[in-house]
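Order of writing sets the labels: A, B, C and D. Residues in every chain begin at 1.
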């Protein structure tokens, strides 16, 4: 039986008259879309557009909740009450569920956005807030997380359905955290290198640190980006490399048993 | 068998540090709450508070969607694309559904807020937009409307579950529209008068115009307000008058067969 | 002495992570920028960027106030209290004045944006609201308007410094109003045609209707757009045509005597 | 010659339909108002109301800029780019300057709000951002700060006009920082105690720590609050106590020489 993996990307991050990213191209690469829910990007009509396109491409959808930060694109860390955060996340998931009705789709996962994701990786209160929101709104939702984080720990503690992701275009440190973008080469821009590396990561279920260390890791999904031409080329090469290696690219729910 | 009627009011219209209205008092009077969904008032935590309190009081909940207009409290008429409006309404309904999960409640109706409601009473495109949003997100949702409006017509055309409301504290014209607030006495502030009048309205299923005309009207629900002391006194008197007259006050879904 | 005219365009309409328009190219064509003030587009840092670039190019700046409508890009007509609108316009002008300090520039004109401009052309209360805001904040500010509108009338009544604009890329009706975009050809996309036409408009101080009528008009400024490639080509051709015809392109204040 | 001191309070923090605080009562107590600028509270019309009332009472006004956080009332710490913060502060100052024109008032000071103030007390980049915004928009503006903070240090480094404030209703630690609200009694609610204490603070130019330590401090202004009945009673008692002690209460600019 063929090995399988999911590919996910953030989408629907435009807003009103504003366009951003390259959703059309990404929809040909990924099998799951993290849909912005209006708090850092996206609005009801943008969400409608993404779920409709995702349906047409057989791409599964997840909520991509964020801090209330349209002006900072959800990249500003905000210190707020964890219960208010929990409600804010639940609100966004519900909003996407309604928009998914337009495409006859079901929301199947949740992946926190930007600064919220970063903070929830290290702050247990934020991680639990996201987890509780998921559990309350729909305990069947897959919690898509970076492994070895508070976000993963909280999801496990709450008994959520979990999926772990790895990055196609980012280097890792020896402790499996992402190499800071400030380090030269932290973002992989060479499609061929990325493709070869990702095939090995999936095949061997390991992450390679930039110092050559092999770190065992369960990889259910690969995160790609579309915000610049090289990112898209890297994503396309990764997808092709995986397929050429006989690895099947599937929507996220198919990774869960 | 006792005659029945519902009483509804707008609630949860505070936002962040801002409080408004008198939800605690209204929850003792009404059987259905129209919950602000964050666009003209309300936020995820305010919504959480309202649905929790509604559950405790046995009050059914509905979405109270609005234009995106926190600064104008949803009272400014906005001319926008009807499809974008439809999506915006669907988004708000979904957001409330998620928050209702916290109380184990189901959202059972939708009533448009302020300027959106006013415009949808006379603009077929807006009326249909609201109706289509309801039909797409959950065709079982009750569309709570003013009778003899485009909003009612659109709901009927779409085959929605409909409920009609009358106002406890407002005078009517001979054509069953509300008397403008600019006319002296348009807002009823005398609790005794309001109570007697509302009992007759429900018993006879008529609206009384300010010129004495009796207009036949199906009255499933009575709308009350809590934004000033006299409004609350009028609402309390109306509720007591109805009960004293042997009319049972029930949640909105019980009015539908 | 050479004939003179100003060219203006809307700029700085991006927001946070969102970019829109083509400010860099427009800054080489225009002599005056209408700077978005954060209500339909723009934010403090985008405004900082525009005023800095305008200073470098010798381009004068004006406030481009709007309804509070980031999600509709200021293109949605909003019916609001005229006094609240007046304050909202004053607020935006002041905000730009502060940002202009960074470039050592003075704000020299005001031109209302999108739906606000459209409404103020026909609603005296909105026209007066804009005029009073200008008069209160700085009575020396030039009120840049479409001629034959309530906006012009209000400005004259208030004794404001006035400038009138004509459109380079739009057809006109016989009554000097713009031809609806719904009419085929309403937006001029042929650079050569636009250039020849605009030179005649400025030279003869007339507007040509699409039926061939010549309407006398004082033209202080020409409005161009950069939101699509043809708009930019038309703007460039217009500028070159004017220069080739010996007409000097100057900042807006130089048009006022 | 009589000793003098200023009293300041935050005002104009309502928004649209939302009211908060007790501006009318505070205006009878303070001589300087910190006016919310629309980012955590306030809007153009609320600002108009405050500056008009301040003018009538002979109260000087200052900008009270905040993070962009209406939903968190500016109490959420936000980690953002310091240059973007600087522009955001400048924007808010300019907006208030425009609104002040309506009352014929000049903005004479700046005091950062809530979480922004707290962060700028300890983060040099934020403190410098606020200072540079002041210096750019109007170097004559008084920077009203807590002494012994990065905010004070930055203002001094930039050569700004400085004023230092002390709190009427808060206890202090031995290092002159405010006692955490989590500590029992951190907020002073006894008017008589507050009045006696504040007279001694001003007379002796010292802050008393809750352990009895006397910390020399230049006190130009006393900060009072109006958000709850006890706060207002404390503020009133403080003002009366100071006057009874022969200390003159003056607008902030009169404290600067």
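What we mean here is this: a contact is a pair of C-beta atoms (placed from the backbone, for glycine too) under 8 Å apart; a residue touches a chain by one contact, two chains touch by 3 or more.
Bear in mind the structure is a predicted one, so any value in this text is a computation, not a measurement.
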{"item": "Identified repeat of the B-C interface (over half of residue pairs identical), from A-D, B-D or A-C", "value": "A-D"}
{"item": "Chain pair showing more contacts of the two, A-D and A-B", "value": "A-B"}
{"item": "Intercentroid distance (Cα basis), chain D paired with chain A, Å", "value": "43"}
{"item": "Chain centre separation (chain A, chain B; CA means) in Å", "value": "40"}
{"item": "Contacts with two or more other chains, residues of chain A listed in rising order", "value": "43, 71-72"}
{"item": "List of chain D residues in touch with chain C within their complex", "value": "38, 43-45, 47-48, 83-84, 87-88, 90-99, 101-102, 136-138"}
{"item": "Residue ranges of chain D touching chain B (in the complex, touch as defined)", "value": "14-20, 41, 43, 70-73, 75"}
{"item": "In the complex, chain A residues that touch chain D", "value": "68, 71-72, 76-80, 115"}
